[in-house]
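Chains: A, B, C and D, in written order; residue numbering restarts at 1 for each.
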């Protein structure tokens, strides 16, 4: 019996808006970072850790790394399903992985986004707060 | 001999980027508000009133009204010239008017954006600061 | 017994994302045009007129006028309710009005956005298609 | 005497706009992809390969990979210098690397963005066009 973060995933839905398209007809690549941000905080809300509660504790979570692999384009009005997962809970950062599928269940994008914790007042890095670790572990399905 | 705000205008240049286009091939209408924001603060920088100096005095300038008239579309890589002008200096707000021309000197957009002054700490509205009024009048060409 | 477009309204929900905020802590004013675009096409989808079907008929609907009145700011994570309404069905354009409320039922924004119909291939303006007029009238609650 | 792509670099300037900031006061991380897109096409314009000319030849250049490392935040009104470089000219893709410095010459961001060539009509991948390879090599400083 072991806790596994593999289970810590969430599906976020996003309808591709007109403003997000470009003259190539594609969902412009610059939109993924924003969509993935929404996905991870909806995930955290579902774990009862709204991001606003983290900021209320005097912390910010800036992104420190983002990697994207674009596999297929998305188009206007596509109904995307974004699987977001906590990949690593390290002492000083949190890594999220993403897999985006279109309405035909085709994998169109994979990504990893890593965030740090800093103090809002000083900008100094701090360790991953215990209440977040606990919440993530509590919510983990035991396998 | 009279001071006239009519002279208080500035030309800002903007190259239409790929991310700003949409599947209709047009500069998406949602981008104008951002471009016009950049234009008015570059105008203010030219008057030696960088917007950051206004915030350093504990003030914010939220937009309270925006009206846009879209006359012709702009396209990828168009080289836009945006004429921004202070239309009204009222005691409690500032109105800017805009006219955007493409590289063929065609008028493609007209707009008015009105901003208020509020205290950053309380959100309370305040009067247009004297240093801004003075700067705008000082810079006015006397005709 | 009379058909009334007054009934032709729809409520769209929008959660304010982090990327939409600015250093003033507000939902930046440039985001409303995009949010309102999403709201009107979700409204049209609910009327069984997905915007993609309009484009499939060889038409585009560019925005020709936008007016916004900013009454109160919105903040990160606010849960906005956007009431969108078809205000006028003219022969050559469609006007939508918007009223946005925050989770405390405070009116924070009012807007009108007017769109035209043009042919996708030539850019020439065309009349409001009959299938759209019919759909809007059919869906009207008779009072 | 040898041609070296190491010399193929360009400095693009970007002033951080208000709409690009977030409630953390930072240039929001989602803006880098758009800024880097502008930087690489200004670089290509300087090499006499405007991106619009590539599309006129029936090609699109979608992004297939993007990696970002965020080292320090950027703030409102920061005057960023973005060094963009062609890292690899492969037969089927082009890789660009980026280093962004603020006005204090601090390195704040590093990135790599890789693009493919596809046919606009079919979406099929094609090899890097000869006119681009030639232009990139011609412009290389011989060392």
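As a working rule, a residue touches a chain if its C-beta (ideal position, glycine included) is under 8 Å from a C-beta of that chain, and two chains touch if they have at least 3 such contacts.
Every value quoted in this text rests on a predicted model; they were computed, and no experiment measured them.
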Most distant chain from chain D, judged by the mean position of its C-alpha atoms: C
Centroid spacing, where centroids are CA-atom means, of chain B and chain D in whole angstrom: 29
Separation of mean Cα positions, chain B and chain A [Å, integer]: 36
Mean-CA-position distance for chain C and chain B (Å): 25
Touching two or more other chains - residue numbers and ranges from chain A: 18-19, 30, 33-34, 37, 76
Touch-based graph of the chains, sorted into line, ring, star, complete or other: complete
Sites on chain B touched by chain C in the complex: 24, 26, 29-31, 33-34, 37, 60, 62-70, 73, 120, 123
Residues of chain B defined as touching chain A within the complex: 18-19, 21-23, 25, 28, 30, 76
Chain B partner contacts - residues on chain D that touch it in the complex: 15, 17-19, 33-34, 37-38, 41-42, 50-52, 76-77
